[in-house]
Amino acid sequence: KSIAILAPEEGTDYGWNQQGIDAAKAAAKAAGIEIVVAQGLGYGDVRPTLRELASDGASLLIAHASGYNTAAPEIAKETKVPVAIVDTPTGLEKGLVADYTLSGHEGAYLAGRLAAKMSRSKSVGIVVSGEPPSWNSQSAAFAQGVKAENPDVKVTYAVIGPAAYSDAAGGKRVTESVIASGADIIFGQGNGSSFGMLQAVETTKAGDGGKVYFIDVIGDKTPIDKGFLLSSVVWNIEPVYAAMIADLKADTFGTKSYSIGLKDDSVKLLKTAAIPDDVWAKIQALREDVISGKTKVEPVYDAAAVRALMTSVAQ
Amino acid sequence: MTGLFSEVFLSALLFGAVTAAIPLLLAGLGEQMSEKAGVLNIGIEGMMLAGAYLGFVGAFYSGSLWLGFFTGAAGGIAVALVMALLCVRIGLNQIVIGIALTLGLEGLTALLHHFQFSRSYPRLPAVDVTVIPLLSDIPVIGPALFRQHLIVYLAIALVFAMGHIYRRTQLGLNLQAAGDKPAALDVAGIDVMRTRTIAVLTTGALAGLGGAFLANVGAGLFIPFITNGAGFLGIVLAMLARGRPVWVLFGALLFGVCLSLTTAMQVAGINIPTDIIQMLPFLAVMIMLVLFGRRASLPAALGIPYERGAR
Amino acid sequence: MSIASSLSVDKRDIVALEGVTKRFPGVVANDGVDLAIRPGEVHVLLGENGAGKSTLIGMLSGLQQPDEGRILVDGEPTAITSPRHALALGIGTVFQHMMLVPTLTVAENLLLGGPWWQRPKTEELEARVAEITRTLGITVRLHAKVSELSLGEQQQVEILRAMVRNTRLLILDESTSMLTPKGIEELGALMRRLVGQGLAIVFITHKLKEAAAFGDRISVLKLGRKVGEIPPERFRALGEQAIISEIVELMFGKRKDDPEAAERPVRVIHAEAAPLLQVHDLAVAPTDEAPCLSSISFDIRPGEIFGIAGIDGNGQKQLAEALAGQRATMGGSVRLEGAPIEALSVGERRERGLRYLTDDRLGEGTVGTFPVSINFFLKQVGAAPFWRKGVEQRAEIDKRAAQIVREYDVRTPSLKTPVARLSGGNIQKVLLARELAEGAKVVIFNKPTYGLDLANTLASRQRIRDTAARGLAVLLISTDLEELLSMCDRIAVISNGSLVGTVENADDARTKVGRLMIGLAA
Amino acid sequence: MSIETAPSAGATALDPTAAVATRRDIQHRLLMTLGPILAALIIAGCILLAVGVDPLAYYGFVLEKGLLSPLGIQQTLTRMAPLLFLAAGLIVAFRAGMWNLGGDGQFLLGAVTAAASAPVFVQIMPAWLALVCSFLIAMVVAMIWSLVPALLRAYQGVNEIITTLMMTFLGTSLANVLVKLVFRDPGTTVPQTRTLPVEDRLPRLFETTITSGLLLGLAAIIIVHLVMTRTAFGLKLRIVGANPRAAIHSGLGVPKLTIAVFAISAGLAGLAGAVDILGVQGNVRADWNPAYGLAVIPVVFLARMNGFAAIGFVFLLSVLSIGGESAARRLGVPNHFTLVLVSIVLIVLALAEYIDHRYNQSRRV
């Protein structure tokens, strides 16, 4: 049969949408079933698309945006077609609704450790284009990682603006300001605006005249990198989707939440040439600590809590 | 947190404010010209998008920012040409066409981006700046204001050029007459259509240039919907300025400074939701309107197509 | 026959029209009109409201193109395609409706039309204006905003504009309607001087005396057709009275002596009757475009017509608006039937019987895009029987509207026609009908006959007299002294925002009012 | 913004040709609407061809998925409900000459307050009453939000285009703040309001997924149309719109009418927000802004502020947006193409209306 994935933007963003769509395609291929991709749907009402996909015979609808998690379960009940939603661990319903709450906070923690090790100016910046929960948890974990590595490293946090997902100019402007405040590594999260951040990193010199590095999230921007990408907290969602398909076949769909983490490499830090091998080795060691539970990284989803945390670490 | 506000950081904030203000300034100046001549140009967002896209394409493929500004302005003019044809020549409803053009260009530029750039996301190299000797050595202000790309100085010079045109040339008189009493301009032997067409095309050029600046200097790249409502802000600025170019400049800077203030507060670690900070410039303008809300002085024939001898 | 003679192209004609026809939805505004315009002649164009005079000159000044026929300029068939073209051909027009930009100064308005890249040549203009105004004997305030000028001053600016542009043919469409008797005389003298300099003038008026006094040749239009012409030879041979009666015959087809010199019927007004309208010490703050009003006091008794004379722009409009409730006052009292009304709104005053006929027909008197029928009831929206429980009764409205159209002889293609498409005079009839509707006690008329043709002027005046005769109090504001003298019981003169004197309308009233108007004691 | 009287309106009801005239009139109008749409489709088709997509297949899907399939038409009709309310609000404002461009802010605040109140109300009162109360709250909040532009325009003469645009920027932010900080559902990590259970929402029509909000929307726009064209109140508003000085001269209380116009217009926009939430969405997420307001403005102008015509154009817009998304997905065109299509349709319709107008004028001679 077939599965369908619904994404708010085109799957060409080297980020959330692309990772989701590519993973769904891969999972479907592996399971030998058909995949329908509905992309660029925006953040409005997706009920029409959900209903249509359901009536076209999809046996699983993956609603790949937190904005879809009210509509999708409703349509699931209406059409009896199972759906998978994000960021709603409490919404499980057997045979009907499964949740995959993705958070790369473990990876972001490692990225924070990496950034603190690599920063020459002992100052790093976080730039985000909005404050959805999954970004919040990564921002917070990154800051915690930095502080855990070296409490003297300064963390600067800046939000471009509410819903400034496509504000590339804003991304560049804010990033430049953060660099001017001393940061030489930028941890950036934002759809379209992240390209503006990348551009800022490429065209602005750090306080010491050297390069500023960029740490990306979710996707892998290596194909378009000009030598400024330090790392990325890459999410691999394919295992999640594969597990869903398996559960669907085994009639256990909707009984558990899926997640990603360092353990199975569904969250991993991207190794680039910019990371020295000795540093990388240390990071790998830290990774083991997180996996074994020796180091605990608690996700913080709430925007206000993240801002409070940032205020406290900024001192 | 005192140490945070280093000279470098402050001047980066100011630099950012200016960079954010320039597209608004150009859009506002453009809109002002149309409005003076009696055309309510709601399509300015579309003109900016066309300018942003074509401006980026021009700069990216030629490697020359100037060529990019040129193609950007040309893109704005191309959209303005449609507007002039439909709204000035044959008098279609300016609001319908304006909104339609904005929607259409949002879609079209996103579509073109999808086919052309959505795999490679090309970005431009750093912008060369023109350093103004002496002035650029002033602490904080110097690096922010006097180490900008030449086009920034030109945009600001344009404010005064516009002021000159409006107050001291025949064209200024013609524009004002076209907006206030087009029939009087017509019987004085000046073609109202032509005057308004010139105004709309100039708007297109300025909005296109603003879009190109936004893409090439502001962001260094093009992505769909990159203007994010800058055109509508331009309309607000033009209306607030009541026909005075300098007020457009002040307004644009106010918005730019408020944006930088947001960043400054966050970097300083002040915990205020961004949504609330984002409301500041609008709140400031609303409060000004409530306190000093004088009679609006919009042109009498704004939005009304001219038809000779109609009654 | 004179018409036949003008058909052949005459080398002396600056402009000639041959069989010109112009149609609008529902009307033929001009129907095969022939006209010859010569240098050194004032060609008077006469005709009732809606006869097609303005349309004719619209074609001469490039605003409109004829549907049929042709226009010859200097003997050459020429399509006058735009106002610019007309100006280039030396045709300058002063239109019936103001054609100045109110937000620009007089000088800027005069400069309008120069090459766009240039600086306005203010010095050059000043010199030229000084020269022209000297020979013409008028004064203009070059640096005043047009919105600050009175209508009369604006008209002078428009004439000046035509002159600044080296006009060979000057067209004046009802230019005297806003002028005082003295202004009219001056304009007449000016026209004589201009034709003396070799200009051709087309002069449109509704006042036959002006036609007779200033014209050399007269053409009469009726329902779009030219019904007759009096050539200069004949014109000179006849005396004023003879000319007027000949015109009247051409226009109305019946002989009558000077119709404007109608007798003022002697009315008996009870001196002891309580005044219907009492105005005491009324004051209004000045605005950008108008002087302040101070200590205005007068009474009007039932059946009385109280006139206000004065040069336009001396506060007449402010007075009328203050009385109607449209303009805030600074003090003083207004009583209607003894009850104070100064605190009431426009609508409340109207309900008590106070009516105001504005002089700004298109600006505030009507809603131009609405049908004629609705415009009759603009001040009664919601009132029975035209609205019941707030719902429009279209049949009721149409029935009454049709009745009014007949009664007031409003020339309109249909009741649905947008009122702005009517000719100026016919719009005025709509207003008259509306203000004289039932329930009126005190009526303020502001220039009620401005722009009306002769027959309509007379009919309107008669209506006003009838109004007074029914026991209403009438306040008649006019710049036309003849009108006031032929209608009023008492005439007050307004100057610079205050009433400088009131005279009984007796035999010596003309001189007394005249003296008051030029600032002397009566 | 003139009110044109229909050419055939000269015929009175007694006239036997009237019925024929209106039938021909309707035929004519249909022709003048469908013709341009066809032309627009051809133009947009050329763009599709240029990017290598079969236009016929595309339009086939638009028609099928937006109009002809039972599922499609239900979705289309559901989408119409908030748009109809918005259009009704704009008709009032535009006929009265007030450029209320603040519809989106009013819409969002109405939506947020409805979403915040309904889940609370259903716990303490019958569901129907809870819905009524939420509608009222949404309406009142939107009305209050319009008060600043209304007062500024009525008593200070401040141009309402500026103020309503500003208020819409502010309202969008305020709606977000409310969702994130005040009305946030503590049960989710995603910032959104509490969700109104599906069974407590506006009932669906018959056995379909069409919301009964559609009927409310239709009722709203028809009432507005009748009030504006047939009543004294409507005429007063139109006088204010067509010539404010004439309104003063006629003794209308222009400031009060101005405030009334803003209140009605904003109230309807607030109801639009409420009907979308209470009928379909169930809650409001942070940063949610469908920006319906902008899309409805040209529709109202094309309809010449006539309610019935607006219903038709809103329907067209809904078909295009529902069917366009589906067709784009099936043929691999980015969804952005729908924007281009809507834009071309709007422009061609405007052009056709102009040509029609011209033709009528020459015919009437």
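Letters A, B, C and D name the chains as they come in the text, with residue numbers starting at 1 for each one.
In this text, a residue touches a chain if its C-beta (ideal position, glycine included) is under 8 Å from a C-beta of that chain, and two chains touch if they have at least 3 such contacts.
The model shown is predicted, which means the values in this text are computed figures rather than measured ones.
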Between the pairs A-B and C-D, the one where more C-beta pairs touch: A-B
Inter-chain centre distance, chain A versus chain B - centres from mean C-alpha coordinates, in Å: 34
Separation of chain C from chain D, taking each centre as the mean of its C-alpha atoms, in whole Å: 46
Distance between the centres, which are taken as Cα means, of chain D and chain B, whole angstrom: 29
Averaged-CA centre spacing for the pair chain C and chain A, given as whole angstrom: 76
Where chain B touches two or more other chains, by residue: 114, 224, 273, 275, 278
Multi-partner residues of chain C (at least 2 other chains): 368
Multi-chain contact sites of chain A, meaning residues that touch two or more partners: 10, 162, 303-304
Full enumeration of touching chain pairs: A-B, A-D, B-C, B-D, C-D
Chain B residues within the chain C interface of the complex: 168-171, 173-174, 176-177, 180-181, 183-191, 300, 308-309, 311
Contacting residues of chain B [partner chain A, same complex]: 1, 4, 6, 8-9, 11-13, 15-16, 19-20, 23, 114, 118-121, 123-127, 214-215, 218-226, 228, 259-260, 262-264, 266-271, 273-275, 278
Chain D residues touching chain B - in the complex, by the definition given at the top: 1, 51, 148, 152, 156-159, 161-163, 165-167, 169-170, 173-174, 176-177, 180-181, 294-295, 297-298, 301-302, 333-334, 336-344, 346-347, 350-351, 353-354
Parts of chain A lying in touch with chain D, wherever the complex brings them together: 10, 36-45, 47-49, 51-52, 55, 66-67, 69-71, 74, 77-78, 87-88, 90, 101, 130, 132-133, 162-163, 301-304
Residues of chain C touching chain B in the complex: 58, 61, 63-64, 82-84, 87-88, 93, 95, 99-104, 108-109, 111-120, 161, 368, 420-421
